[in-house]
């Protein structure tokens, strides 16, 4: 009970911090970093809602990011939208992401494990190739430029920031709702033993496809937002092979399959990336650091920060109880603590 | 219509080099259940090695293989020892994709750091010349590439089927636990196999670098083709990879006559269709059904 | 062979709950089942025995949708269910356990219980929490019934082998299936737990549950089952009450003739041996 109260307080505090952040830190360089961070909070959380819960590692979510970006770009330019109107396109971008996810998922989800990973990569490259080749639609290698935006200079970043915040909060909320739902239970059963889950009445294809489609929506939305904020999309930035590595790294670092893990991972990695990209000469160095960090996380901390920390805290608590109340107390406490701890992983 | 026979010839000669690079990838999978996404960037690394040797030390790229093959072997064995050996558990194949992807990113960053982002190409006397036989254009570099592939395939075949070490490799491919029980040092087999699988990229990289302008970014294009080839051929099947490489590269060359822009899409389209019809690839064995 | 079945077996009950009709299945060149016909009467405990590789697990897999029959039919309560996918077979009322237990290791014991119950919850809201109050209570009662309720909050992977068997039995019961197929419930379990498991099966049977059990432990089968069927080389060679089957010379032949696993005390625990 105390733990859940603490958690509620923590989430409320984090949300409040998110809301007042651009009012406190008005430096555009800082809010710009914050926008990209929120974009990745949303993307990593959505990726984890599918890949983390179901165990199907997707390296093709950049398809949704790029499609959302191109859709928003094409629609904005075709319809001559300006200013805040463009934000209204983002739900449409999410819808298009969901629509693309259906055939994508129906093809890819027929196979499992590494074959699934490979087929997501292949489909990703098909989309990248389309972005290069469908020049009348995508502008080919030169890409699509966003129109100049006439927001007031002092608070120029704020609309982008709050749009990113809304998408990120929604993505995390959906992830949390799914984690505690029947649907989430089925997804995790698929991760543990898909055939057995089928044998217990879980309609696995429907469940996997549902999660895949749901996870595509926020990714496509932040793709659209990213186009508008950055001002440009081209095939290599829209369909970036590093995108999926980035979101996977964030989820793995924080804790794959947990709600808070990808959020924490994005909060650690994206600001660091922005900082390094700011240092002009360090761009390539950062690429190396990025890969190296991923290697360290997977090999040293494969379960991620949050589950590992939860386990350590649990051990430490047990130890303290042992010191306080002797062995009998410890046993009781352990029996009571187990469900708690299992829930804390969530 | 004379384009068609020429395209098929180009496809078979070019395909031989892809067959070699794909054979390395599929050999690694067969022995260790590891998919080495870094294979693409390792080809590029090998190409840069050949390039650097020829530009700075004036060593002919073909002669340079005496240096680059052992160097790439060492790189492969080191990657196995440092990272792949540490992967355990049910999802190790999927995890190996992520780990080797991360390795690829590190190498890509290092190549950018050292060589920059501009395209380069390997120069040698035999790169831009060739012979005319029966109306076919046969560039020397393609002939050299095909020749290298044949030699490498023969060497791998002899190693696998005529040596004690090869017996250990094949035993490990069939059953790791049993191989360990009969006293095979599986770790050593894994490191050497990874070394061989990556070592072939030295020859592949040399030919690739001589026939294409390349940059550190070229690894993605390569790995996406190689992955399509090995999946199509059935993961773990060396013969399947070779056949699939010849087929795919030839198909690309043929499509290239009519649709130059979409020719690369052939790889992904064929891959998706094959996986829909037969998820284990054309030459792959069906996985044992879990009861 | 089916003729001998008809001759020796007094029909289990007027309308059997589960029936297979000449089911055949080949894996590559190996004929795992050739015309296997079995019947399980409603409310009975039926045993399915036979030497290693005689096709018992393959028949289980075909009944429950984990493998496809090459020919033949499967009926549940008169309804044809041949080659339906596993999730359909389960929702129609056939639950099963596996030779090597299959639980969901990274989920809690209680969550394991909720998975099997969820298909009955007709809700259009996919984000609804798993398990209403009633099904949660039911899940706890079943955990209590098999005696592992105190581990409800622990991750299933922390359970001992025997506890996993009990968990698998309990979560199959959650959905209240008409018939439960148990694949070697006593395999690899210590004697006192074997007695516990036998007791639970009897108790459930007394409450009306039907069972079909594959087991190598002859004492367990003979002591528990109302009717025993013997598979050999993929067909039924004998069926009837335990005492009768035990005395049947063909059964002795089948077991002794194979030469390897005659006493059949410990089952083929090697993974997939039978399935192959």
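Every chain is named by a letter (A, B and C) in the order it is written, and numbering of its residues begins at 1.
We adopt the following convention: a residue touches a chain if its C-beta (ideal position, glycine included) is under 8 Å from a C-beta of that chain, and two chains touch if they have at least 3 such contacts.
Just so it is clear, the model here is predicted, and its values are computed rather than measured.
On a Cα centroid basis, the chain most remote from chain C in this structure is B. Centrality by Cα centroid goes to chain A. Rounded to a whole number, the gap between the C-alpha centres of chain A and chain B is 33 angstrom. Here the spacing of chain A and chain C, counted between their Cα centres, is 43 Å. In terms of their C-alpha centroids, the spacing between chain B and chain C amounts to 48 Å.
Shared interface positions of chain A, defined as residues touching 2 or more other chains, are 195. The multi-chain contact residues of chain C, meaning those touching 2 or more other chains, are 66, 98. Residue positions of chain B touching 2 or more other chains, listed in rising order: 290. For chain C in complex with chain A, the residues that touch the partner chain are 64-66, 85-87, 89-91, 96, 98, 102-108, 110-111, 114-116, 118-119, 121, 123, 126-131, 150, 152-155, 171-172, 175. Residues of chain A that touch chain B in their complex: 55, 57, 59, 107, 110-111, 113-115, 117-119, 121-123, 125-126, 129, 133, 195, 241-242, 245, 248-249, 252, 284-292, 294-295, 298-299, 302. Interface residues of chain B facing chain A in the complex, by the touch rule stated above, are 35, 83, 86, 91, 93-99, 101-110, 112-113, 220, 224, 227-228, 231, 235, 261-262, 264-265, 267-269, 271-272, 275-276, 279, 290. Against chain C, the residues of chain A that register as touching in their complex are 177-178, 180-186, 188-189, 191-193, 195-204, 210, 335, 338-340, 342.
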